[in-house]
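The letters A, B, C and D name the chains in turn, as written, and every chain counts its residues from 1.
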Amino acid sequence: MESKAITKIGVLTSGGDAPGMNAAIRAVVRCAFYYNIEVYGIYRGYEGMIQNDIRQLDSSDIAYVLERGGTFLKSARCAEFRTPEGRKKAYDNLQKHGINGLVVIGGDGSLTGAHLFYKEFGIPAIGLPGTIDNDLSGTDNTIGFDTACNTAIESIDKIRDTATSHDRLFFVEVMGRDSGFIAINAGIGSAAAATLIPEKKMPVEALIDRLNTRAKAKKQANVVIVAEGGKSGGAMEISKKVKKYLPNYDIKVTILGHLQRGGSPTSYDRVLASKLGVSAVEGLMQGKCDVMAGVINNKVVYTPIKRAIVDDKEVDEEDFRVAKILST
Amino acid sequence: MESKAITKIGVLTSGGDAPGMNAAIRAVVRCAFYYNIEVYGIYRGYEGMIQNDIRQLDSSDIAYVLERGGTFLKSARCAEFRTPEGRKKAYDNLQKHGINGLVVIGGDGSLTGAHLFYKEFGIPAIGLPGTIDNDLSGTDNTIGFDTACNTAIESIDKIRDTATSHDRLFFVEVMGRDSGFIAINAGIGSAAAATLIPEKKMPVEALIDRLNTRAKAKKQANVVIVAEGGKSGGAMEISKKVKKYLPNYDIKVTILGHLQRGGSPTSYDRVLASKLGVSAVEGLMQGKCDVMAGVINNKVVYTPIKRAIVDDKEVDEEDFRVAKILST
Amino acid sequence: MESKAITKIGVLTSGGDAPGMNAAIRAVVRCAFYYNIEVYGIYRGYEGMIQNDIRQLDSSDIAYVLERGGTFLKSARCAEFRTPEGRKKAYDNLQKHGINGLVVIGGDGSLTGAHLFYKEFGIPAIGLPGTIDNDLSGTDNTIGFDTACNTAIESIDKIRDTATSHDRLFFVEVMGRDSGFIAINAGIGSAAAATLIPEKKMPVEALIDRLNTRAKAKKQANVVIVAEGGKSGGAMEISKKVKKYLPNYDIKVTILGHLQRGGSPTSYDRVLASKLGVSAVEGLMQGKCDVMAGVINNKVVYTPIKRAIVDDKEVDEEDFRVAKILST
Amino acid sequence: MESKAITKIGVLTSGGDAPGMNAAIRAVVRCAFYYNIEVYGIYRGYEGMIQNDIRQLDSSDIAYVLERGGTFLKSARCAEFRTPEGRKKAYDNLQKHGINGLVVIGGDGSLTGAHLFYKEFGIPAIGLPGTIDNDLSGTDNTIGFDTACNTAIESIDKIRDTATSHDRLFFVEVMGRDSGFIAINAGIGSAAAATLIPEKKMPVEALIDRLNTRAKAKKQANVVIVAEGGKSGGAMEISKKVKKYLPNYDIKVTILGHLQRGGSPTSYDRVLASKLGVSAVEGLMQGKCDVMAGVINNKVVYTPIKRAIVDDKEVDEEDFRVAKILST
């Protein structure tokens, strides 16, 4: 496909929201304006593309959004876009506005959509990794992951205060879908007694051993981090199993939940999102498409979407080892 | 009972921990030292009093605790102290150390203990209101309440980010036992669509009406605050009832839980705890006992414990009215 | 003056901005809508009133402003409004829009303007205390004060980390114009070695004594809080004087500056601003004017503006005593 | 030099303190205990080594330090250690305690000390990069840098609130010694109008042009970030130059100062410090010495100290370009 000059870019956020999405949108808009390209906001992800909820953005739309959590373009999951009919409707709407380049910010489902759409209609699309789960290849970190880790440890710090005051055992469940990135970072970062992640099975007996060893070292206050998608079950389930072994221990469960998705993005996420927003626009201008822009080792890298969404990224074995050494 | 010179003060924290307890302990110790009085830390509340887990505190014990959540003296609930035998043991331990004045920091149960103990053994005791629930009379605010309110709104701000991005309805459950103080403040402070508190019954139909009115005004993103002890049930229960009326609405529940108990105390709680710690020591020196020190209208006031624990403090009708006006 | 039905309210912020101003504006708008009253935003304070920078506000203007620092109506100081000609112009502009009630959010200068304006033109005006300085009578706290105190102690906590690591003496200058409210709260709340406030002269020799006493108690790391308007000079000046007495001591100065004016308002400020916004509208409806709405002892109170701006509010002698006991 | 079994490790922090130093110390101690190695805390850096301010650390010393800013081992700059006599004294003290491995946490000066010391006395030493300035090679980021960036943007967010409310121009000076890493990240992360860094000279005229362009686009509120070591002078100096060109513009200066050094470390810094603490101990056990442990591309890498301290790390040209695009 020959690359034509990009004159009108459509930008959307899709899937679960992540802190830094606004910063990415702003960077797309700002960078496009820098190159005299128009930008159209597509509201509520692919849903808005199908329903023609598309408006031209100007400078005032992106004032003071950089530091805000969530996405002012809103997000949604859209079943209809998974049908060829839905995508046809969406394409027709883009045509109406003359949009000839697309920036899609979201997780693997969202990027898959962009990939399909490009294949079917040839609209150049660049994906940006926007998800707190960090489960995309082709980038060291996804937009929102660093903020989610910080939100998690700040919450766990508070829970540790009360765990310590009462010599309690707390199970804290963090987000991350099938991946343990938030959990392992929160585990190392908050001096957890143990961290249960999907990538590693830890039998309840091993956990009980760990807790008993710590008890001998007078560490009565314990926080155990549980990744939501863990093979051993969620925090609630595991706490029940542990309760059977340690019936007299004061055990509590906190499920951090959706507060991990919100909040003002960290410095890292703001800078990452800003760089990637610029890279998306410049990538489109250079004729790149069907790729995701990411940052690897501080350099922008474009990876074919198909490869980025094959999630072969796993928590580093080494990190798991460090977590274990530090919690024993 | 004639007042004798206080030479050795015992200090303890009891019941649920609250941010600012450390600041209160520090102020007790600092003020006692200022007047050349010794201070003994009684660990794990009445439990430690019974088990003689009592140690003299020096200046280094209270360095850098002012800003920390929780209580370094630890806290516990103690069944044995509710028996005359338990209290006798506790009294004997205080005698061993020569402790002739007591500062008890905690909620109503903890203060009740101090009251009984004083009546039975005549040890002068002053209580300080330490609980996030704000459910004690004799003080405008309890130590920890302001911090808990701030923790709640900061978490809810994050949840609103994601509620807004997805046009969702969130039910957020906050702490407060039988009282709606945290809830009403969080409700006003975070632009909640509605606030359900124990003091006021709100039928589900009224809530549905409110949500429908807001929907007409294009307010699709809604956060409803639910006090844990609410008559209408917890957040989980209410969300299920609402789901029946609004089956297509994307509804989520977050239970903030114990993170509301921790965290570095706010300016208000630090100053309140500091003032009250000084007032406890000076009160004991002046022969006061069986009273709780509180701050009413910026002045320290001593209230008989028996009156302070009769919780007739309720969320101001006016605050409820303001919350309603602002969320309609 | 007979009270006529209020149909159109103008709202403005004036003078130095304070966190919670947005929450107050939002409450004014929301409450007005509740009573079917129109609201006009007057931009940049009295400046915008004179230049007719006045626009009708709707619901979308106040979405997601509650939690934001600053004021979206912007603020300015305006010399022209101090002239009768300027005020005449301003009045004519209000007439054009049919505005027959005014809510002015700001400090003493801003309220003085409202008072004059009412006297000259009879436009009912209610003032709201919006200033971080807390230097208005007729209210326990002004909007923004609690947030500024928290911003100050959070910053000082960080400075204490480095002071402690290096056994340094830090002078930290906080805001507050002629009043020591922020300083005394920050001093108590951050374990300061001393607090220098305008209301109390502390000779350098006394400060040196205090530092020497602490040095004997092995307290080498010291933070001294200095109110900007202090009689003994700013932090820079005092540090130089102290340096002469303690030439080998590693002394640093930090002037917190304008960051104390910004930031998301605390729970307290959000609730205070919300209540007062409602009170302003309801006060106007009840025919009140030339008054400031404040909260005293948890109740809304209307005080004649002339009396509110006579700043006889001083740091409580008792707070000063507590600060001294705790830092010795 | 043949590698002998490490049985006693000495650990110290030196130079300017940085958030995460405590987390690094804790990881060193925890990891050493894991391998049954004793650890000695050397207080106040090389100063304490010379004055034999050395104490064995146990588990309780490192409880609840992970999340604290500063360094509980304290830090100092030490002139005497630059003399051979000083180093001899220091060596003798290590001998007394039988310390046969050293972990030095600090910046280039501190690591240089370790290098010299190793060369002269053959004590195996591993350095960890602990400085907010990020000016060491051999690691993507230094311990403390990420926290400092976040502290900076949080402060600048607050300053922007007031800049926006008043349409002011703020010059905010951030730390970083000769390097612009904090500045460039803060600049991108806080939507700065311009960022002045030591690595790039920006003439005042170019800055004025930028401000005028923005003024035409109605961007009246501007924040300009200035790195402390910038060639164009500090924030104060530059603001004066700009004032001459724009005499009617309301210009303010804030020097963030030492608050950037403190505060609870971010998730990133906690994890980085934890990993590096483990790597230091394991590196010593493997016979490594005279190296700095760092993390490059998520992997631990050991770099000869001599090479790590040759600061050839500069702000990425690409980051500077992104900053420019986004602020135009």
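We take it that a contact is a pair of C-beta atoms (placed from the backbone, for glycine too) under 8 Å apart; a residue touches a chain by one contact, two chains touch by 3 or more.
Model, not experiment: these values are computed from the prediction.
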Would you mind checking the shortest number of contact hops between subunit A and subunit C?
-> 2
With over half of the numbers shared counting as same, classify the subunit A/subunit B interface as same or different.
-> same
Matching residue numbers in more than half of the contact pairs is the bar here; say which of A-D, A-B or B-C clears it relative to C-D.
-> A-B
For subunit A, which other chain has the most distant CA centre?
-> C
Whole-Å gap between the CA centroids of subunit B and subunit D | 39
Could you tell me the distance, in whole angstrom, between the mean C-alpha positions of subunit A and subunit B?
-> 36
Length of the line joining the C-alpha centres of subunit A and subunit D, rounded to whole Å = 28
Residue numbers of subunit B (touch at least two other chains) = 157, 164
For the protein chains shown, what form does their contact graph take: line, ring, star, complete or other?
-> ring
Within their complex, state which residues of subunit C touch subunit B.
-> 26-27, 30-31, 34, 59, 64, 66-67, 140, 146, 149-150, 152-153, 157, 164, 185-186, 188-191, 217, 264, 266-268, 270-271, 274-275, 278, 296-300, 316, 318-319, 322, 325-326, 328
Sites on subunit D touched by subunit C in the complex = 13, 17, 19, 21, 44, 68-71, 74-76, 151, 155, 157-162, 164-167, 170, 252-255, 257-263
